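As structure tokens, the structure follows; a few thoughts come after it.
Per-chain residue numbering starts at 1, and chain names A, B, C, D, E, F, G and H are given in the order in which the chains are listed.
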């Protein structure tokens, strides 16, 4: 029920003004006391609410997961511990867990893949973050091409794969240590590049700060950046762009 | 015995000057060697001394707790480990412990609740800090209204609750990650907002620094800030303000 | 016109639903193209919009000032340069400027002073920030007691003034360098203390970071903190608290 | 001449192998001694080389500008000083300069505007950066909708404009101080949001670091970030996305 | 009049209790409104109050200087600008100014030099800070031996002077850039070494942070550190130690 | 097969142009799906690919190790955990592991030692990093002279060894805490000094940042720096320089 | 044998010039391969070499301990783990270990206590660092007065003890969190104050950085600072000063 | 006169032991009071002392320059201001000044160029630092090949020049912003690469910190790093390596 419908009902005396006032203020969400599930987000943003699991009590997490599973055919949980997964699985046996990316997935209905996102990773140590991005994008229904281990220490490996990368609608470039990969790719493509710094490295890497600053300061055009290790966030934006380009309605 | 009384006694030769000089320097505290219990604080500031438990030896902690429990009907310990709690409980069986907030409480006498503090939290992961604030305020005798999971990713949840928030005398707003919640609330209220950054998040969150800086730089008026994860500190100040507004004598 | 009224009009066909929908979305503000004046804020928050002048074009600033002066009897501009002031004065001759605090004031109507805020400063070098706080609080209609030069290098000066400070409803404590003053005052009072770090100092002061961290980490209870050099922000919150305590309606 | 053509010529003996080897290594650029103009980039990335003027000698800048103006009908210079502009203008009288955004433009041929990018700014002090983004996007041929002064201190101003913002293909959100605007917009839209932190603010703003961290840590989905004050970079990526969505060939 | 005397007077009815209470709270200082001169400090700490001039209004500075000059035969002002000096000199013609150290001195009575402080500097660029230390120590009445330009790039210069350095009671070691000098000296002496980092250097020197961290992390024993460029502070402590060792009463 | 050969084949119709185009883009590497082994690097840079083990799955690591062991007689793995080593050893029994340096070595053929690299360490706590450097250099075939425990707290120990150090072609200087050793050595030698900061220390050492900044700011000439704890990186460069000086062909 | 003696022997042909040259370069130390014991330091600096245990292999540590125990009647080890202690004790049964300060002591001969160092601590959580300082000073032979739990939250506890503190030759002031204690004490004494920041606290304490900056920026005179948690370093310097003042020969 | 000679003289009674002791301690330097000229360094390190001009008084600078010019045929001053240059030129008319690199050179005797150092720069804005490196290396007598404007935004420009770069004995790679150039070059060469971060850039560049961290974290082998903007330091080390490789005696 949108605002216009509501106002029409008020006009037609189908609803009284007190009730209308309340409804106007409340977009649909489900109040669980400790959490407020935002069922409406799917309509507002085209994606269902994804659960950030880290730091949540396992009992709360299970309740939230069940509430979303009731209303959705596909639910995603990020940064889940194995302990959280095992607890939730007792109540929703159909969920899956990937140890390396720490993603929990609940999939009751397959959806067709649309378009193509290239997920590039500089080194094999960056793979957990790259896979978080790739699997998230696939969960949302975007096609994914993985191109891993093309870091700048052996830059010919990147050049051998640049045509494959350029066929995507959008590129996710994941790198730790010095973090130069996204800038190099951006200099060789005409597609948007979403850079993901990882905390891989040591010493003055400072938990990914080094790669983050490199990416923010890239002198190549077309690079935007997400938080350190945030493969999920990169995949979300890449999915939005990929679907807009390939003509799919978001909702 | 206050200074005037003391001077009167000196005048009347009821006390000699050497003794008086000593007394003048010493406000009442109890010296335990390793610690000096400040029984006087309750009179100076209107709250009994709360024990910051982190880093204290469990033997010392138990001694301090017993000394305060002798003189007070209500004692609070913050940042206590379960191990510390178990040790102290052997000597003071009436204490309670909350695992999530890490508060130890010793309550021999209930006190009536006064006024109303709204404790708001952006996400469910911020709940331990929010609960530390809420339970501390309740311990001190302030009424508390909890409004959780109203972060800006689904901002309509905040708007649906803003009237409840505005009924409080003082607002505590707890948020991690980007930490924008306090600023948004401050733009919608005429009450003081105490912002508590949490260390919830990852990557360039840098242990809560991100949320802390956001709150300090808020362009909305009426926001003041406490240390990262310092739910206790926010509750203390909120309790002071709440009681001043609602006319209760502090002491 | 509030929501209820509006809905009543819809019900009574005094307004059509399209119009109502538009009105529901728009709270009153004035669109000047480059800026949107928020006349409504006075009603929402109990203070008129204060203009943050830094970085604004002088032509834009003058337009904003005139728009606010049309609707208000008292307007405040913060962080104004002398050049900005001189330009605005050509169009609104009645404004005043204080070089040290960089405040522009436009006052067409005096208002009675309510309550008492103590503005404390550690050193004479902190005076510009302390005065920004004091004059802002006075502009909003709060009574102010100034207690300057009571820093911890000669702590007896603080003790000689502590009774005066304790008579206030709310305390603003301004300090640079090591920034210890607010914590000391908080240990001696039962009133809320708003700490303002200043950028006074050198070397590892790092533009006020040293004092900011000191204040955030204060082990005394009752301290909340605002941004470095933000005397205005401290005064805003102090004014809110002072008026709530002294029973004045905010609006 | 592309690689295939070249190999064909080798096969047909139209070119000898030594010559071919050399050509294979050199993509077209113009060597001016102190600089190597990358005429090829337009074909590789779909945009002509934009000149980053800051720190360049004015004599060098003029030479580079002339070299690009010979080969292109539209040239852009960013972060130019007035002194640089005046010097270059002596040699290329047709250039224009915008003092606030510090952009130099040379436009010999108008191009039609395609699609729609929403450029949002939190405050009037953020306008120079927002305008750098808006004018850059227009230079590249994207349509632009400006929505300024919608910061979170008066959040109803944002809500009144959210429908206009949602009509764009891509959103640029510019904010200083606490930098919360992009996250709020991202929670209300299904379009990609490119966040630009600005160095507007003071104290613990630390030259834009505060806003940068806020944006990187946004808990709303769909936000990617560029460097502090980098309106140009945001516009470049927004233009790429806008044109991909609106079906225009990049080249 | 000390506390004992005062109490005796109370006892003897020479003073009434109200008056006594007031006196007990007030150690002698002179209240100038904007500043509170601490004449008592000389007796409490053995040095007259030194004026930190930076950031003070020249009118205020002159008033403070005159108040101290009335009560003292020797007054020192640090971090004074030439403009401040010229203004103060109009009212106290007998003051001197040293442009490089920015010290103002007012000396009505010479005092004999006691003991020996070695002031060492790594490079000639560190001389302004070293001289601030040396001249301050001389002002307080300590003998000073200057040993400059003995930095570690040519470490034999240090060895050639180590015997001279070891004759002092206390050593001040001033260094910028890498700041290794104090640690090296400490490894070669049995006297306390006060390290002063300077902001001399560039790049990752970060305004003296590099030298500061080096000195704090010195693995040689006997090094303590003062703030960046704080020659005055080092001299104060060195003077205290020097006089304690050489048996002079501080007061 | 190099470019010239390839072009000759094209000319002679031994290969068709489509095939040639493909080959031109691909320098030899082995694609294992999750990793791309760069067998070519040995020829391009004169060293075989060394495996950075940290963060790699043990299954992946074993595959990579086997692929390299097939093509090389000497393979090195850095930052390996004992768990990784044990897993790889099951498949390649001939590897060795050093617990303190965390190096895995696979050596099927001894090579003669060339030249001389001096590896100096300030304290015994810096030995793991120094040994990583020494053993890496030896693995690559450079002669190594170890000079440990010559830190500046007892600088005569350095002087007693300076002649031995000066006989090397290149010097690696490893130090934690204040990190002054490389600068001191550089002032006493005419050989290049590669400085390695270590994370040894506490407090404001900040994980090696203190030593890193010291080394970058060294006022002695001839110091270049690698990342914190990066003994491997220092050895790689030292080996390159040592072999260039001692006339050995890199390849 | 000092230089003069040696030269005399050369003159008298008791030693040949080659031998003399070697001796001139080598001050006495014992080379154990992995470490060079500096027996000479005791004579150069008046204290025997203290062993920094952290990060040392237990086998190496035991060797070093035995070498020092052979030549000295008193040996100190700092930052030792219990595991290290147990291993060393197998070989030197007479050593003692204090779990809280992590000091290992080997004492074969008691020495008389000289002078008086006041060791002050702000809170009970700062006690491990304060005790490291106190026990180290006692090990070196200085008298120690402990004054604990006098932090600024209840500042009257400090005032009640200030006379005791002022009787010392030198004051060590240990504080975490905001770290204001040393500055306050310095304002009330005429003795040198050595400030030790501790890593006690949380949030924006940043591992002791907050207290460190406070102490470096103290506006009170007479404060010098050592590294975070470095109780040992403070005690070393305090011992040097205490003995110089109380006339004891260092050697 | 070296140590052996000296000892021989002692033996032969040509010099008495007191005199010999003094001489043994003093390597030759010239004491000018404010500075100690290290004429000996040329023999110890193979380069004459270069003057770091920044922060030196112009009078001092001129004295130092004259002292060096008396003893040397070639003198170099770095980071000189134009004002310093003009002052020194009055006394030594033969010096030259380069405004962009801020180098002062005094050359009385040409020396032949030896070997080849490649100085690479990413952008034209990095040229002042690159030129400081190139001109310093030439001053010392190394041959220099300049390769500018080969940054990664158009990476084909680097590939077209890689053969020229590989012919050098040693490579200096200068880059600001993201600073990726040195790592890319290192992946394509078998020569040592000295990386120089520049402060070119804006926003989160933080004065060159971004490029510095990138270079320290480079995952390519063979990169060592000098301080931000330190072209001089890079040239010094490159010259040492170049001459060692090309067989020239350093002295």
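Here is the rule we use: contacts are C-beta pairs under 8 Å (C-beta built on N, C-alpha and C of every residue); 3 or more make two chains touch, one makes a residue touch a chain.
Worth saying up front: this structure is predicted, and the values here are computed from it rather than measured.
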- Task: Please state whether D-H or B-E has more C-beta contact pairs across its interface.
- Result: D-H
- Message: For chain C versus chain G, which are copies of one sequence, does the interface use mostly the same residue numbers on each side, meaning over half shared, or is it different?
- Response: same
- Message: With centres defined as the mean C-alpha position, give me the chain F-chain G separation in Å.
- Response: 38
- Centre to centre, by mean C-alpha position, how many angstrom separate chain D and chain G? 58
- Item | Between chain B and chain D, centroid-to-centroid distance (C-alpha), Å | 49
- Task: Report the inter-chain centroid distance for chain B and chain C in whole angstrom, where each centroid is the mean of the CA atoms.
- Result: 26
- Message: Can you list every residue of chain A that touches 2 or more other chains, as numbers and ranges?
- Response: 52, 123, 153-154, 187-188, 203-206, 209, 212, 216-217, 219, 221, 227-228
- Note on the structure: So the complete set of touching chain pairs is A-B, A-C, A-D, A-F, A-H, B-C, B-D, B-E, B-G, C-D, C-E, C-G, D-F, D-H, E-F, E-G, E-H, F-G, F-H, G-H
- Item | Interface residues, chain E side, partner chain C - complex | 25-27, 29, 33-36, 38, 40-41, 52, 54-57, 60, 64, 79, 197, 199, 207-209, 212, 227-230
- Task: Sort out for me which residues of chain C touch chain E in the complex.
- Result: 100, 123-125, 127, 148-150, 153-154, 156-157, 159-160, 200, 202-205
- Message: Going by the contact rule set out above, which residues of chain G touch chain H in the complex?
- Response: 3-4, 7-8, 10-11, 13, 17, 20-21, 24
- Message: Looking at the complex, which residues from chain A come into contact with chain H?
- Response: 122-123, 151-155, 177-180, 183-184, 187-188, 201, 203-206, 209-211, 213-221
- Query: Taking the complex as given, what residues does chain B use to touch chain C?
  - Reply: 44-47, 50, 52, 169, 187-192, 194, 212, 216-217, 219, 221-228, 233-234, 236-237, 240-241, 244-245, 250-251
